[in-house]
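Paired with subunit B in one complex and with subunit C in the other, subunit A is shared by the two complexes that follow.
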Partner chain A sequence: MHILDYITKEKVNLLTRSSKIQDFCTSKLRAHPLPKKQNETWRLANKKKLSALLAYEFDIKSSDPDIPPYLSNKKAINIWIGNTNQLNLKEKNWEIKELKSQEIDDLIEEKLKSSNTEENWSNLLNLSLSSEKNILGIKISGDNLPPLQIFCSSKSNYFNSKTLILFIDKNTKANILQVNSGAKNSSLSLSTYIFLEEKSKVNHGVISSGNDKSNILNSLNIKQNANTDYNLGSIQFQYDFARFEIDVNQIEGNAKTKIKGMQVSNNDEQNGTFSKVEFNGPNGYLDQLNKSLANDKSHSIFDGSIIVPKTAQKTDASQLSRNLLLSNTAKIDTKPQLEIIADDVKCKHGATISELNKDELFYMRSRGLTFAEASKLQLKSYYQEIIDSIPVLEQRIEFLDHLLN
Partner chain B sequence: MQVKMKGKEPLLEISNLYASTENLTILKGVDITVKPGEIHAIMGRNGCGKSTLSKIIAGHPSYKINQGQIKFNGTNIESLEPEERAQSGIFLGFQYPIEIPGVSNLEFLRVATNARRKFLKKDELDTFEFEDLVKEKLELVKMDSAFLERSINQGFSGGEKKRNEILQMALLEPQIAILDETDSGLDIDALRIVASGIKKIANQETGTILITHYQRLLEEIKPNFVHVMANGQIIKTGGSELALELEKYGYEWTDEMNKNI
Partner chain C sequence: MINENLVNNVVAEPYKYGFVTDIETEKISKGLDEGVIRLISQKKEEPKYLLDFRLNAFKKWQKMQEPDWANLGYKKIDYQDIIYYSAPKQKEKVSSLDEVDPKLLETFDKLGIPLTEQKRLTNVAVDAVFDSVSIATTYKEQLAEHGVIFCSISEAVKEHPELIEKYLGSVVPASDNYFAALNSAVFSDGSFVYIPKDVKCPMDLSSYFRINSGDSGQFERTLIIAEESSSVSYLEGCTAPMFDTNTLHAAVVELIALDNASIKYSTVQNWYAGNENGVGGIFNFVTKRGKCLGKKSKISWSQVETGSAITWKYPSCLLIGEESVGEFYSVALTNNLQKADTGTKMIHIGAKTKSTIVSKGISAGQSNNSYRGLVKMGSKANGSRNYSQCDSMLIGDQASANTFPYINSQQPNSEVEHEASTCRISEDQLFYLQSRGIEFEEAVSMMVSGFCRDVFNQLPMEFAAEADKLLALKLEGSVG
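For the complex of A and B:
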């Protein structure tokens, strides 16, 4: 059955819990089952691929693949969304505690109700389908926390939906790596909500790796209170259709956000990142770099907006989109944009699209490196900056080798 | 000491070479033969085709050979890729060595050295073996091992870049080295270091082509032959005394010769 049939034919409640917030999401989707093509952030979405993403049979259960060697981290606490019971850990300086259903609804209600359907479609779909088992809410408090690795996967021939809510308590410092893996012929809807309370800091990594004909709708929603630091390092690759939505809201300003992301597309894949960073108070800071690598006949999209209303004086924001075309038939669309009303701000944005540097290639080839070896070294340097920004990841060299091979 | 190895087969034979880029003919019938043990210098004004010649020998994809041929060890190399030429023993020292951010100099040198060693049927070197070798070669150009940890040529001064070129030459042990204005941008001390490195690497089995504007490099490295190039052709060939004459009379002296060709 097509995923939207579960919603429109009112069968969704048979599969999932039914809270008020979930009913709200379902009713929104029933009114508008699909995002409108006219909407700017969906304009370039490959309709056929989006349809294929939704065509899989829905299932609550997913399979949890083995942790790949490049993600081995003996110090980390490993958590699987959908397969972790009673996550309550307490040490002298820190605590990790599961949130109750009502606490989760209270946290995400505002976000879901305040945005319009098009902008929020991925989150509405996600919550309409996520069962109680597949919604994980955690409150993290304290200092000197061990690194967290949170795994999320989809099952072959199925559509899985999972939701993660992280409440980062005041003065907390956390290093979190989310690892999303897509099985062959599968779709995954993942929505993550992170709430940073005052004076907290999160170093957040997101590695999304697909497989043959796997798809992902990955929505990341960040709410930063004053005096918080949020650093994101992300990479997504090997999906037939991948959409990473990043929504950062500095609700009072006076916060720092750093985002370094990368998307890799091959064959005829479509891989896109859609980010919105909104400053709702003064002295906000953003440093964003999005890289893409497009090969074969693939299509890579970056759509990034920075919103600086009148209240956000002294905002300092920069956004750069760097793109590398590896073939003549690949396509890259990039649109960094600024929406500024405040008059005392420092904002810049830019985009570059280039090919592998021919002079560099010739230099290396003139020393005996084959075209493939020289290209690999160049790509390695292109990846390196992003890999270095992913926290918790200890086996960086192995991960880089995995990407290059 | 000038050495002429009359009995040996040529390493490099360039005959009647015409070459172009973007439909612009740059080389218009170049002939040069380099035998083992010989050092040749090519001098000439900017834009006369010296650098183009060096790039064509190394296989730069932007240039097309329209006529004539380049033989290396008796084989026409026109169809060889740049890496195949390098692996077989042709080395080009760049006038402007390329900076490659993010690519480790050490790793690049190791991959390049192993590519050459593979061609020579020598065992490839692992990281530790290579570090021993490279430290020995660093001595030749008086480079600090800290340069190995940096990205290729990134943040190097002009002199450091040129020394890095000679370090690569030392590691790759080419049969023929074409050094394109290796002396440009060097102060007197750096010039001596670079020249000393080149002399130590060159031997009776190798050939060297020095492309230069100035006599000062040739005071350090005595060439067997000096060629004057103008308008895509070699217009005069002589011994090392030719470089002195050029220094004395300038290139205007050769303009008359060019008119008569």
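For the complex of A and C:
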């Protein structure tokens, strides 16, 4: 059964909780079940693959695989969305507390109601389908918190939908790694909302690894108050269709955002990152790097926009899209955009598309490395920069080896 | 602190080409239908294939929808409220300039484009287009000695039908886009250039477009063909009177460069931009495209866009021939309530093709200036390269500067580089210049001119000086 039938044929309430927010999302989708293809961020989406993502039975249960060895971290607190009972931990300096349904609704209501359907489609779909069990909201406060690893997965032959809400209290410093894994022939819809209260800092990692014919719709929504630091390191690979949406809003400016992301596509996969960073106050800072690697017959997309309205004077934003095209049947589309009104700002962006550097390959081969070894070494350095920015991850070398193999 | 008003004053020079020439014109009634197209075609005594071309385009246009993706936002155009043909009344066909209405000559004289023999610009041949028709083309005979054909497109239809039939619509097909389809249906005049094999055009060619009536649109069409190993430099200028209403200008320019040929197309666009409250001004929707068909052919676009209330323009290059080269150098200045969505498209199809894009946008007042460009590397564009640079300068905190580059590559053995930055007129630099005794306004204009230097260096001599002055005038009063 098509996943949208659950919504349009009004069967969704049988499966999930019922709240006003959810009713709102469902009613929006009933009016416009699919994003319009004229919409800029959906223009390049492969229609067949998007339909395949939606053509699964819906299930609230997921299969949670074992933690892969490269993610073992003895110090970390491991949490499974949809499979964790009562998460309330309290230590001397820190506290992790589960949020109540009403608190969650209050937090995400504004985001869901403010933007238009196309921009918010992934979030609307997600919340229409996430059952109460699959919505995890936690409030994190304090210092010296142990690292958090949050796992989210999908089950073979099913469509799973999960939602994560993180409320980062004032003066809190947190290191969080989200690990999303897709089982064979499955789809996962994940929406994450992170609220950074004043003077808080989050080092956030997102590792999304798929499997044969798995799909992911991953939407990350960040709201930063003044004097907050948000650092993201993300990597996404092995999905037949993957869409990572990053929406950062510096609501008062005076905040720092660093985003380092990477997407890898092989075979005939389509892998895309769509980011939007909005500065709604002065002195904002952004440093964004998005890398992509396209092989075989795959299609890699990056669409990044930086919005600097009149109030955002003294913004310093830079965005770089670096792309490696490794096959002449693969395709890369990149579109870094700037929309600026404030005049006293430093904004720049850049984009490059090329293959592996020939001079470097030649140099390495002249030192006795084979072509395959030299290429691998170059790829390793290409990955390294992103992997270094993923927090919590301890077994970086093992992870890199896993990626390269 | 920069004095806001002072900078604002630097941009507020009144539009000096805003006069209206009082001349008797022949107009057809407002509106557009098949009958109007047949009437235009009949007035121009066109052959059947051209009428069919128009009617076919009209049919396609009727099925199309006006594009709304551009970052412009303008009031809806009522296509039935436009006069599609307007020509100054003249006695039959003029055989020499002496027979041209003196009022018309005076108009072009006022615009700094003398058409009369004694005042002619040295070494630049001019085709002057007034509303819907071409008035005069200078230096035709001298050019003909070299085999160069330079005439109005209506004349070319009659005298060189084989070239028109072969090339018209071959670069911008009638169904290409909404405005190109409209132009193909109702185009009235424009320039035609043919450079034969192995000829380097002995002088710069130029066309000058003037809209005179407030209620008629201008739909001109330019076609330039450069045969093997030939080269030409073509300049285009445009002005219009000040009206409270918006006038539509939808032009199509087609360039064709064969083996080793080179075409340089330069534009200084200074249509009336509307007043400071955004009333009036030209709606400028232009499709310009060049086809580098031959090996090692080259097409270079350089443009200075300062006018029009709305600018929608993407001069493009189709790089088909091996080792062909496309270039785009642009300065777009918007002030007051002007809106511009402009840029280029570089489509790399052949192997070892190269393209360079340098775009400078200056936004002042409450204007909206967007760069929108596409670089596409096709799967056969082995060993191709592109370099793009888009810089924006913001003057005041009311204007917006946007950059939307679309980059698409399907060829691993090609390189695409894009970079963009924004800046403002820095107070430190202004202070430094002023402390050296340079007047504030001059300092601003020096800095703007420095910002645009990369592009001005590419303009032909006559234009470079004009462009520099034009920017200074346009910016008068806007820096603050």
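The rule is simple: the second predicted complex is superposed on the first by the 405 of 405 C-alpha atoms of A that agree within 3 Å, B and C clash if a C-alpha of one lies under 4 Å from a C-alpha of the other, contacts with A are read in each partner's own complex, and residues count from 1 in each chain.
Keep in mind that, in the parts below, contacts are C-beta pairs under 8 Å (C-beta built on N, C-alpha and C of every residue); 3 or more make two chains touch, one makes a residue touch a chain.
Everything quoted here is computed from the prediction, not taken from an experiment.
Participant: Both complexes share subunit A, so when I overlay them there, do subunit B and subunit C fit or clash?
Facilitator: Overlaying the two complexes on subunit A (C-alpha atoms) leaves subunit C and subunit B fitting together cleanly.
Participant: For A:310, using the defined touch cut-off, is the partner it touches subunit B, subunit C, both, or neither? Pick first, second, both or neither.
Facilitator: The answer is second: A:310 touches subunit C but not subunit B.
Participant: Any idea whether subunit B or subunit C touches more of subunit A?
Facilitator: C
Participant: What is the contact status of A:344 with respect to subunit B (first) and subunit C (second): first, second, both, or neither?
Facilitator: After superposition on chain A, A:344 lies in contact with subunit C alone.
Participant: By the touch definition at the top of the document, which applies to A:371: first (subunit B), second (subunit C), both, or neither?
Facilitator: First partner only.
Participant: With both complexes overlaid on chain A, does A:381 touch subunit B (first), subunit C (second), both or neither?
Facilitator: first
Participant: With both complexes overlaid on chain A, does A:336 touch subunit B (first), subunit C (second), both or neither?
Facilitator: second
Participant: Which of the two partners, first being subunit B and second being subunit C, lies in contact with A:360: first, second, both, or neither?
Facilitator: first
Participant: Minimum Cα separation, subunit B versus subunit C, post-superposition (Å)?
Facilitator: 12
Participant: Per the contact definition, I'd like the list of subunit B residues that touch subunit A in the complex.
Facilitator: It is residues 58-61, 81-83, 85-87, 91-92, 94, 97-98, 100-103, 107-108, 111-112, 115-116, 119, 151-152, 168, 172 of subunit B that touch subunit A.
Participant: Show which residues of subunit A lie in contact with subunit B when the two form their complex.
Facilitator: 357-360, 362-371, 373-374, 377-378, 380-382, 384-385
Participant: Using the touch definition from the top, list the residues of subunit C that touch subunit A in their complex.
Facilitator: Touch list, subunit C to subunit A: 69, 377, 379, 392, 394-422, 424.
Participant: Touching subunit C in the complex: which residues of subunit A?
Facilitator: 38, 40, 310, 313, 323, 325-355
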